[in-house]
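There are structures below to look over.
The same subunit A turns up in both complexes below, where it pairs with subunit B and then with subunit C.
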Partner chain A sequence: MKPAPFEYHAPSSVAEAVALLGRGDGAQVLAGGQSLVPLMKARTVRPAALVDVNGVAGLDAIEERDGALQIGALVRLQALVDHPGAARSHPLLREAVRHAGHLATRHRGTVGGSLAYAAPWAELTAAAVALDATVELRSPSGPRSVPARSFFRGPHQTALQPGELVTGLSVPAQPPGAGAAFHEVSARYRDYAHVAAAATVAVDPAGACRAAELVLLRVAPAPHRVDVSGLVGTRLDDAALGALDAALAGLDPPGDVEVSGAHRRRVAPVLARRALRDAFARAGEHREAA
Partner chain B sequence: MSTAAGQRVTVHLEVNGLWREAVVEPRRTLADLLREDLDLTGTHLACETGVCGNCNVLLDGESVRACLMFAVQAEGRSLLTVEGLAADDGTLGDLQQAFHDHHGLQCGFCTPAMLLTAHEHLREHPDGGTDEQIREAISGVLCRCTGYEQIIASIRAAAEAGP
Partner chain C sequence: MTVEQGPNGARIARETAPPQGGRRWIGKRLNRVEDPRFLRGQGRYIDDIKLPGMAHAAVLGSPHAHARIVSIDTRAAERLPGVIAVVTGEDVAARAAPLPSFGAGEIVQDMIATEKVRYHGETVAAVIAEDRYVAEDACELIDVVYEPLPVVLDPFTAREDGAPLVHEALGSNTAYERTFTFGAVDDAFAAAPRSVRARLRWPRSTGMPMDTNGAIGDYDAGTGVVTIHANSMNFTYFLWLLAATLKIPASKLRLVPVGAGGSFGSKFFMHKVPALAGLLSMIAGRPVKYVEDRTAHILSNDHAGSDRHYDAALAFDDDGTFRALRIDCVDDYGAYLQFGTGTHGNALSQVVGPYRIQHVEYSLAAVLTNKNQQGAYRGFGAEVSNWVLERLVDLAARELDVDRVEIRRRNLIGADEFPYRTPTGNIYDSGNYQGVLEQVLEAVDYPHWVAERDRARAEGRHVGIGVVASNERSVFSSTEFWFWFDEPDFTPTSSPESASLQIDPTGRIVVTLHSQAQWGNSPETVVSQVVAEEFDVEPDSVLVTYADSQHALPGTGPGGSRFTVMVAGAVAGASSTLKQKIRRIAADKLEANEDDLEFRNGAVGVIGTPDAELSLADVAMTAYMFRLDLPPDMESGLSAQSTYDHPLTTLPSGDRSDLGIFYPFVGHAWHIAVVEVDPETGKVDFLRYAAVHDAGTVVNPQSLDGQIIGGTVQGLGTALYEQYLYDDQGRVRNASFEHYHLPSSMDVPRITVGHQETPSPYTAYGIKGAGEGGRMLTPAILSAAIEDALQPYGVTITTLPITAEQIVAWTTA
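Moving on to the complex of A and B:
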């Protein structure tokens, strides 16, 4: 249970980090280490070199610009959960990420690591897709931005190229007063989600839905965005939500050692409705408070 | 900083108020540095994969899994381990005494991590918070003996006794 020896680099700048990653010697990025280190101990992963980005300057800030949120790759998951500005402008981030691991692992786990590792249960990936965020990358040839909606390709598969470093997540401004909710089920409390649903709903002055997003985890190879445009103009009553059945009918979730595909197919619509209803109710609360 | 594979480096860190140093390979985990190099065996290792939480220590006041950090990453940082909770003469701290009084341990293996996790929780919630919040706080530390109820009672009692 001890990792194999590795060359260890602790760069202090993004430029230095990407130069090390660009050498093409199979170096891996060490951020929070909450997923990488167990894999190294099992020697499932044996990187010849680690580029520890924890000391890289300028990657640990959460900044708001005109309602948009710029989240550095080194922001710890718990720091994102605790950030009052982020909770106000993009409540889905807190709703989703508070389910990730436990307090001690959220203290180390990072936004960049969660995106790059792209675990199929990673709550942040669902939120990034629902919020139409953009993943910011850097390589020796310069910066690159990839929309979250095309970044995630499958379990642990992303658009990240060898030698590229995730530097941040850019989340566009949300419709004012949008509500958000996240629900998941797992075998044990705070264990990996078997199925999860992320939802945001914005309402018009009359209290009807004017925009909605629904993203499910673990029903498809990557975070799965469901077309819920049919909810616009409704109050998410049973009749309106009934239309979801058609949108979810084609799902063919994978099964694994923990849970069958059939179980996921049965649970997903329940969580989807629950998340949308809660998000709608919270949007209504915002409207009354405003 | 760059270190070749197998090359040792000197790590300096503050443990329970004392600056310590050790010469380790970068692959040495923080938990192994504490146990093997500093002889602080109160930090217990069980799963060593981040699942059980038995190796929790407080890094600059925040709970972390000592098995999932490399010792070199703790350079210049401040750690609290279970050895830092009792007085120098071995007198138990109030939280430790509450665990003793309320049967918050049986085999004792998870106890160091439970104590540190509870210590962090009580710092954030001096009145103990709700039972729900206590359960959430200790949810990341597995205990195979107690069924957790006495641990919750111990933390509640420590909160009621005050700082």
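Moving on to the complex of A and C:
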């Protein structure tokens, strides 16, 4: 189980990395390598060249600005999980990303790699869509920003153009007092999500839902944003959540080697309800604490 | 130890009474002596070994499950710089014989397929190159033209007329079919007022060690000796068969044992990889290493586990007394039948479990399909049999609406009934089953959990309890591999184990073992403690080494939970000889009577006279260097060897109504699990798990705990996660750890382990084997506990693994 021959480049700047990627020789980016390297060893993926961005300066910081976050592409997933500011301003990121593989995987895996690889089970993609984040890209012709809600096109398919490098993720400020929750089922502890639900709920001073987001993984080709505007003004009681059933009834999730589409269809509403309820409860706790 | 004549000509070696004052080292909880080097990365696994001038091999597996090989063009691969040779089935056929087989009929398996491939991943070519990268690059350049053939994947379809034949020469896909009847089964079923019957399905899985199979062949053209460094191979039991495959004299096949990172039975007869590495070295004229990668291991190492379909029934009285058992099994053996149907012989050693069941019928059809062949995996078929039996017992309890513990208690063989002859002829040597049951019930506070379950159920939660039992047969006799056949070609009755002891001139003890090096079990710990017991030395002062096959005494290696029992017997025998010599030397020098001497703290001395003693170093120096101080008839040196034969084996009867004694040292265990099931997601959480085992005399409770926990976890994998998945063309869909799911440490409950000790009257020190017991219980206990948790849904669990998807399908049906 050895990779096919490849060239190896180790640039030290974004400009250099982008120049290498722009040569059009089928080069791929090596960041954490947690998906790419096993695929190369199985020869499922055989890039002619690797551009190892681990030595590129300036991509490994998490910056907080007025409630918004700027997350560098080389930030390791566990660093995001452990970041106290991010956990306060955007609890969904921590809730979601802590499910991404095991501790060792998260210490290697990167934010940029997770977004670019766009695995259908990647928890970060659901959080990015729920939080209406923007993926920052760079190519030889300059920077470009793509909203997460249009970045993910399907399993391992994104708006990323050949030669483009993901440089970061910017996440806008969230409504004050929002709660977040992430529920996932997988074959084993921290395995690939069979189905997952990411939810954020903000409440008004009276304790009713003011805004809500729900994104499901693995029920559609890409992270699936469910219209939950009907929950606004409610307290997410059974009747309000029952209305979700209509929104989820049309789902036709794909099956794969691990589980059937029918199983995903049965479990998705369960996780959706649990995530929304938990997010609502946490929003309530924030309100009381404030 | 004494040897006496037993029934049917059995030689029974009996342990003499334990010493006054008990034992000092056997039974002590000590850290494993193997651990430090393996945990520090100093274990020297097969892939760590690099010989001068060593080349590397990779293999090309078939993408088809059944296809004719039309042509193989190796030219492009041979042209790749760094490639030394490309080897196909034709090349192999010209130089080597087929792989060894113990199976039925015209089932021939070659190292590399010729003419046709019979399962996905079967080797069609091998490349020898300067490094593994180039070898794998070259595999991609081999152009094989296949003519796909219709596949047969389902054993029932395989038995129909007109089904595609896996082996045309056999004329049928049913390789073996027979019904064994023990007792008056039909009468017992007719007379019993009640019975339960179930169709049960046990899926194909495998042992899956971290360390895959690996070997380095090193051919010496000058002497004609083929040296193979390999991480498994039983020397005298199997190795001579491999020499026949390589068409060399057995004397010229030298196997150097290398420790393995796990086997769990899957390396019991590791035939393909050492044979290939040896042959490739003969072709290349230099050392060649071949280590399977994970995908090759999953696809083409034998699929170690069973793959069975059952129709099983249990007859019983209104009061729950079991009367008769009827088992009809179709076993999907895959494309070859190397081990024959030994996995069912194994099941027959304890087919009635710990229960008084008098009448048994056992039917088997061994069917060939386009899957890899089976091998050996912890339990070797008895774990499947126990799952079937315990499922039937749970169904009987439900039928009678009696407590599942109570119905079992009612049928347990009593402590006063041993040795107990089971209907098949195998005996259970000793036991106290009621004692183990009481201990496990106490360990978990069973009534507390029954109340908790009922309380949770009233709240709408889904908590369930499983309580199951198993016997654990240990130390197989070789008859288990052939009594299946009316006229077997080869009817061995030996399965010995040997040990050599040497005390060096400075008084340190070196033990040499004569099977493959350790597999992740604890041979060195066990041997050190037994030697310590015999000589009263510190266990960590004992060095344990492994002979290569040219210096090996008879050995059979680990398997069938035999090694601790057998090696302890061999060490006891060699120790006895050596101690006698030491006594004579010491008696002479101390001017004492031999009978007044004892071994104490690394010395030999006069009982009751602390000053009158000689250290082992003094004795050893005398033995090696002072010939004139020795008794005149004594040779210099201080070494002894012993070969310990199976202590209790009898032949099967000609008509096989009595299979003889073939697996007599029988441990016993109970597990209790409490689980909570999320009916909406199918997730299973453990609230409590306890295991109590009786493996006779315990050598080291810590390493035994490890065996029990490891086996339990592998059983958990079988119960909840593992199975080979195939597409409709017979291609394995989960040939990597991405989708072949082993339980991780985070998926495993905290397991409380307890021990009871009922010594065997027949083995050295009263030890029984205990390497497989854990896996014999987990599938049954998880079936029972999850079924109990889902009681409101009226679920009966008859198929493994019990996946989350299956649970959700039940609860939403």
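Convention: the second predicted complex is superposed on the first by the 290 of 290 C-alpha atoms of A that agree within 3 Å, B and C clash if a C-alpha of one lies under 4 Å from a C-alpha of the other, contacts with A are read in each partner's own complex, and residues count from 1 in each chain.
Note that contacts are C-beta pairs under 8 Å (C-beta built on N, C-alpha and C of every residue); 3 or more make two chains touch, one makes a residue touch a chain.
Every value quoted in this text rests on a predicted model; they were computed, and no experiment measured them.
Q: In the overlaid three-chain picture, which partner chain does A:A57 touch, first (subunit B) or second (subunit C), both, or neither?
A: The answer is neither, since A:A57 touches no partner chain.
Q: Would you sort A:A10 into first (subunit B), second (subunit C), both or neither based on which partner it touches?
A: The answer is first: A:A10 touches subunit B but not subunit C.
Q: Report for A:Q34: first if it touches subunit B alone, second if subunit C alone, otherwise both or neither.
A: A:Q34 contacts subunit B only, not subunit C.
Q: Now for A:K2: first (subunit B), second (subunit C), both, or neither, which partner does it touch?
A: A:K2 contacts both subunit B and subunit C.
Q: If you stack the two complexes on chain A, which partner ends up touching A:A246: first (subunit B), second (subunit C), both, or neither?
A: neither
Q: Determine, under the contact definition given at the top, whether A:T105 touches first (subunit B), second (subunit C), both, or neither.
A: Touch partner of A:T105: subunit B, not subunit C.
Q: Have a look at where A:Y189 lands relative to subunit B and subunit C in the superposition and call it first, second, both or neither.
A: Both partners.
Q: For A:R266, select first, second, both or neither according to whether it touches subunit B, subunit C, the two together, or no partner.
A: In the superposed model, A:R266 contacts subunit C only, not subunit B.
Q: Answer with first, second, both or neither: which of subunit B and subunit C does A:A48 touch in the superposed model?
A: After superposition on chain A, A:A48 lies in contact with subunit B alone.
Q: Do subunit B and subunit C land on any of the same subunit A residues, and which?
A: 1-5, 38, 42, 102, 189-190
Q: Inside the complex, what are the residues of subunit A that reach subunit B?
A: Subunit A residues touching subunit B: 1-10, 30, 33-34, 37-38, 41-42, 48-50, 52, 54, 78, 101-105, 107-108, 189-190.
Q: For the complex, which residues does subunit B have touching subunit A?
A: Residues of subunit B touching subunit A: 1-6, 9, 25-27, 29, 32, 48-50, 53, 56, 59, 62-65, 67-70, 72-73, 117, 120, 136-137, 139-140.
Q: For the complex, give me every residue of subunit C touching subunit A.
A: Per the stated touch rule, the residues are 132-133, 136-137, 140, 293-295, 680-683, 721, 725, 733-734, 736, 738-739, 741, 743-744, 746-747, 803-805, 808-809, 812.
Q: Could you list, by residue number, the parts of subunit A that touch subunit C in their complex?
A: Residue positions touching the partner: 1-5, 38, 42-43, 102, 185, 187-192, 194, 257-260, 263, 266-267, 270-271.
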